[in-house]
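Next, two complexes with subunit A in common: one pairs it with subunit B, the other with subunit C.
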Partner chain A sequence: MAANRWLATGNYFTSYQEEQRIFFTHLDRSVFMVFIALLFLWPYFFTLSNKYMLVIDNILIAMVAILGLNLVTGFAGLISIGHAAFVGVGAYTVASFARVLGDSHVVVTHFWPLLILLAGCTGAVFGAIVGLPALRLKHLYLAIATLSFQMIFTWTINFMRFFDQGQTISVGRVFWFFGKVARKQHYLFWYYVALILVIGIGLMIRNLMRTKYGRCLVAVRDNDRAADAMGMHPGLTKVYAFAVGGFIAGVAGALHAYLYRGVGIESFSLHESITYLAMAIVGGLGTLHGAFWGPVAIKMLDLQVEHLAEVAGEMLPANMNLATALRPLTFGLVIVLFLMFEPRGIANWWRIVRSYTKLWPFRY
Partner chain B sequence: MRTTVLRSVQIAMTALIVLGLVCHVQAGETYKLALSLAITGPTSDAGNPYAKGVEDYFKYVNEEKILGDDTIDCTIRDDQYKTDVTKRNFEEFLDMDIVFYLNYSTGSTLALKKDFEEEQMPTIPASFHAGNLVDSNYIFLPIASYSAQAIGLAEYVVKNHQGDTPKVAMFIHPSAFGRGPVEDVEKAIAAGLKMEIVEVVEHGKDLDNTAMLKRLMSKGVQYVICHTVQSPVATVLKDSSRLGLTAKSFGEKEKLTFLGAHYTGGNDLIALAGPASENFFWTTSYTLTSEPGPGTDFQLALAKRFGRDDKAANSHNYTNGIMVAQVATEAIRRAKARGAKVTKESLYEELLMMNGDKAFKLDTTVGPVTYSKTDKMGVDTLQLYSVTSGVFRAVDKPFSPEFVGKI
Partner chain C sequence: MTYFLQLVVSGVVVGSIYALSALGFVLIYKSSRVLNIAHGQIIASGAFITYALKVFLGVPIVLSFLLSLVITFFLAMSVERIFLRRLIGEPIISVIMVTIGLMSIIDGLIYLTPFGTENFSFPRFLPQTPLSLGGVSISWTQLVGVLITAALIGGFSYFFKKSTLGISMRAVSDDQLASMSIGISVPKVFGLAWAAAGLSAAAAGGIIGNITGLNFDTLHAFGITVFPVVILGGLDSILGAVVAGIIMGLIQQFASGYLDGNFGLNGTADVLPYVILLIILLFKPHGLFGIHEIERV
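Showing the complex of A and B:
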């Protein structure tokens, strides 16, 4: 153990427990606490318009979803191309209650924390079911199995009258201790809810990775036969990875339903699944930080490309339709460039910055 | 000397202030409106001319001082046909204190319906989906709904068919947008419309419809009512023409007569299907430049004035954009005329009063715009067109579907 717990500049672990600490130094912990405090306090000092609060809320919800995807694809190494469908399962769990009981029923508006939890559980059940093929399949074949879940989900919602054939099912405004969360507080309220969930789930995953269950995921990802030989059950590990990933995705879906006060199928399409996968890749697969960086990068890029497309749409001849192509082109280009030049994602830049500051002012 | 300078400065400043105040009074008020639609992405082929129509008409209103010294400032944002972007745009518009909102797609209109209610925002979408009006007070359709259009086409088939009960297939978009009118046509049949729906075909992205067309023929289908977008209709028309199945005249025996609702037709369909589009029957409430009149003359002059190309100038979606801008302008003009402050509340009231003697008669549609508490469909009349020698020509006079009131 380092002599100075505030300014450790190298790896001085004397036990496995020490290496597994969440924060290596007191400075790390303090910086983290200050950062969290800032995240909670900034809305009191800066007022953002509803438009940008919606963007931030969206990023936080995407972070929750990517935490789930990262667990499945990053830590457990199971490619999932149907993650938006798992998010959709959570959203449609809330929508089902709104449809059966009414969008302003007390269960929907007052017991929303329970519904979010229930949405997570439904996501977990579906995750486990979709994970069952993982007992037999892996790599591309498993990816196809998750893709088929995406297809089945979209088809089911589009054709079932109960789900209004994919049209928006509205969800009422929720209540909190101070009463109904009105339009003025709506985005700020969901900012705090999503933020608490991001922090909570982030810490949960960090802790999970310190347990034998978390290490099982990595072991199975790296070599499932070796993991089997070591006494782990690769099949069950994969199913539980899908279940936990599905739970987190379900929570993200419920948040989405409440934030937008409605659920429509277009938010959970294959395109969204690919976007989630892109967020995970750009952020950095198999790292906790990656789940935070990815959504920020992709959503902000999206916003900027949107502005660019709007300008291009006005300047370029309409029949060329280049503005229409700009978004998918940029999106595809970013993913390709990341895969080529930084396959470890933005999380790796963060790691480099941290290593540099840890050693500073020494070069090694 | 010093006193003189000070006095001069005082006089100059007073003059500036007075001038400023006078200019402010003369500048009039600016009314903020907003439009969110797909200028890029899916359906941008329709959204693009629609946006141009709205933009050009409001420019015209400001330049020609239709509202006196008052002007309209309409912010137009691209939402790429994505509901979450539309929602974000709408939040931005609310921060801008808009008094009237123009929306676009069916999906986003349904998704934002609650917001329109809460904000009491009068809204005209480009979607004619009847479901937009369910549990809604603030959404106003510009023209007859898709259901009314499909029923209108069905009525035309029944009236003009010779022989027994006509056998019809419905060729629809695989979504709520496509399915909605089917149920209403079935209700019209239950209410006494003598027609048989033999099959409802939800199209995919097929590039060849031979099997489907042969199947319809084997079932004795004579008419195909389409409710989707242009490209799948163009594919079916080309396949039918290639197989020699297309009727040369309406209702020709042992052949197929194709008919379609608003978004199936227009010049884009002719461009896509070519000669195969001949004898395609299409209904909408808008006037077309292929049938010149005062409305189309104005449309072409407007497009010329603002440097639009021929494609946009002749697009029925350009007409569509002009028309919704005309309705919004008229609501503002009427609110001003009765001395009311132009707010979303007063504009909502004006729209509700747009009926009877106060119906808004305009040349870009085939009938007047009428709204009331119980009627939120603007133009109730439809015009049937058919492709003759490569252009859409009017068939008979404008009509109102009878069974719409019976279902």
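Showing the complex of A and C:
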């Protein structure tokens, strides 16, 4: 491709290596760089109230979790109705350290990057164990296996005294090079940590999908018998997918634990799992940037729903618990409507807009 | 010994209701290969409709029970017509997701009613003194519940063995293409399967509501326990659903009777079915009676 690498208008690839590039044109790369730079720099120019900072942090953590779910459900085609439990495994890894050593022990506060990594590894181990039935089974049964993992996880936390029976276990404030992260800086600090992790894991998955293993995943999703005939091991591929998905979920869980400075079971219930699924579907299963659209869309919707419930709650009798009713109702509707009318999710809208602007003023 | 027998009796009572609710689940799976995650919500709404008819509208209990069966029959049929009919031929993943979405929607709708957060219990209409036989007691509600369950399961099996409609449903579950070619309307059969599932789920809901009282969380958990039951019995076997339902009821009763409070354990009845489920999935995934169509992947 000796031609223009700034504004390519068509497919000029002359080798497979070129086709596998992450950024096809220099323009792509520079836009991406500027965007990332803006994400890092905007807190210097605006200050948001803690409430909205928390929402943004939540979105980023959900993005991490959805990157994992998207790998399992989108790229590998294995429905996971227990993703919140995997996130919970990560969170409770941090929590158990805090519980054994004390919530402000040096391990919890100073070595938090290690703990996040460890939470990821625990998530991976649990992911692989739950994925083990994948060696023999296909999607329907796997969905039920993940559902039962969700139930077992909730039960274990609720009934074990070690985990304080699902009560909140507090996790201390972390230290940074300049000392303890101050109360005022807390949300901003975790914004940066989560942002770096989102970018890192996003690039990791983008790279993963162009390795042999990533193509294996897609091949097994599309037709596992054909994949088998070509010498891949579908079962192991699926278990591996669960393990990687579990790892990413575990990282998200650890972030959640540190952000909220505590871990309680209510953040990892079946409803949360369904919310994660809604995010993945709305964003677009099987696309990388779907994992970014979904959490943004759903968390924004959640904010609006909360607002609506507050407004409407004043007009209705108190025993009608509108807030608890509206969330499942809207999420269910969103899942169903997207599946019926736009099964490829917001990522598909993005694709349409992108190709339109790229080709403008021509139609094709 | 009496304690053991008592556990057996209550296990069979709970188990037979599991069997009835699993029956509906199996019906849907057998005919249309849809895994209906929202089944527990249909069970719950059946119970709530019965209660609403009985208490809020003052309909006699027998009539309100029958009416709730009819209502859920048409409700489930319209769910199939509105949401699942357009998804015929779509990848299995989106079909399951739609039922997950449905589960969420019905949850939300139930939370809109007082049933979502408050507890209700049916007015007593049967004799209060439990039936006692050699130290083993069974309450009248439980006895009637088991009898209705047995009658419904018997009715369903007769329907599938003898009636033309039942035979055509079995034909569709066996081979869709072949049954289409002999003039069976496959979408209609899907709708009917959903309707029948709704009916049996509502019956199960009504009975369980009478025995344990109406609490959405309990009914919800009850609905999810259907999964271990159907996996144990084999996803597409009606006989399996019945046998596995009773086995699961017994396991739960024994667990709460013998394990709880002994080894520092509590609430084992809630978790044991899922542990069993995972073990079955690992070693005998087609369950007790399911056909061995699972391929090794």
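Just so we're on the same page, the second predicted complex is superposed on the first by the 355 of 364 C-alpha atoms of A that agree within 3 Å, B and C clash if a C-alpha of one lies under 4 Å from a C-alpha of the other, contacts with A are read in each partner's own complex, and residues count from 1 in each chain.
Here, a contact is a pair of C-beta atoms (placed from the backbone, for glycine too) under 8 Å apart; a residue touches a chain by one contact, two chains touch by 3 or more.
Treat the numbers as computed from the prediction; the structure is a model and nothing was measured.
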### Query
Who does A:Ile79 touch here: subunit B (first), subunit C (second), both, or neither?
second
### Chain touching more of subunit A, residue-wise (subunit B, subunit C)
C
### Message
On the A-aligned overlay, A:Pro343 touches which partner chain: subunit B = first, subunit C = second, or both, or neither?
### Response
second
### Query
Of the partners subunit B and subunit C, which touch A:Thr93 in the superposed model: first, second, both, neither?
neither
### Task
For A:Tyr141, decide between first (touching subunit B), second (touching subunit C), both and neither.
second
### Query
Looking at the overlay, what does A:Ile335 touch: subunit B (first), subunit C (second), both, or neither?
second
### Message
Just to be sure I read the superposition right, which of the two partners does A:Ser267 touch: subunit B = first, subunit C = second, or both, or neither?
### Response
first
### Query
Which holds for A:Met151: it touches subunit B only (first), subunit C only (second), both, or neither?
second
### Message
Looking at A:Gly235 after the superposition, I want to know if it touches subunit B, subunit C, both of them or none. Which is it: first, second, both, neither?
### Response
second
### Query
Between subunit B (first) and subunit C (second), which, if any, makes contact with A:Asn50: first, second, both or neither?
first
#### Entry: subunit B/subunit C common contact set on subunit A
158, 319, 321, 324, 326-327
### Query
Residues of subunit B touching subunit A in their complex?
39-41, 44, 48, 77-78, 80, 82-85, 87-89, 91-92, 94-95, 106-107, 110-111, 113-115, 118-119, 131, 174-176, 179, 311-312
### Task
Over in the complex, which subunit A residues touch subunit B? Could you list them?
49-51, 54-55, 58, 158, 164-168, 170, 183, 260-262, 264, 266-267, 306, 309-310, 313, 318-319, 321, 323-324, 326-327
### Message
Help me check something: in the complex, which residues belonging to subunit A touch subunit C?
### Response
73, 77, 79, 81, 132-141, 143-145, 147-149, 151-152, 155-156, 158-159, 224, 228, 234-235, 238, 274, 277-278, 281, 285, 319-322, 324-336, 339-340, 343
### Query
In their shared complex, at which residues does subunit C touch subunit A?
35, 37, 83, 86-87, 90, 92-94, 96-98, 100-109, 111-112, 114, 116-118, 224, 227-228, 231, 235, 265-267, 270-271, 274-275, 277-278, 281-282, 285, 294-297
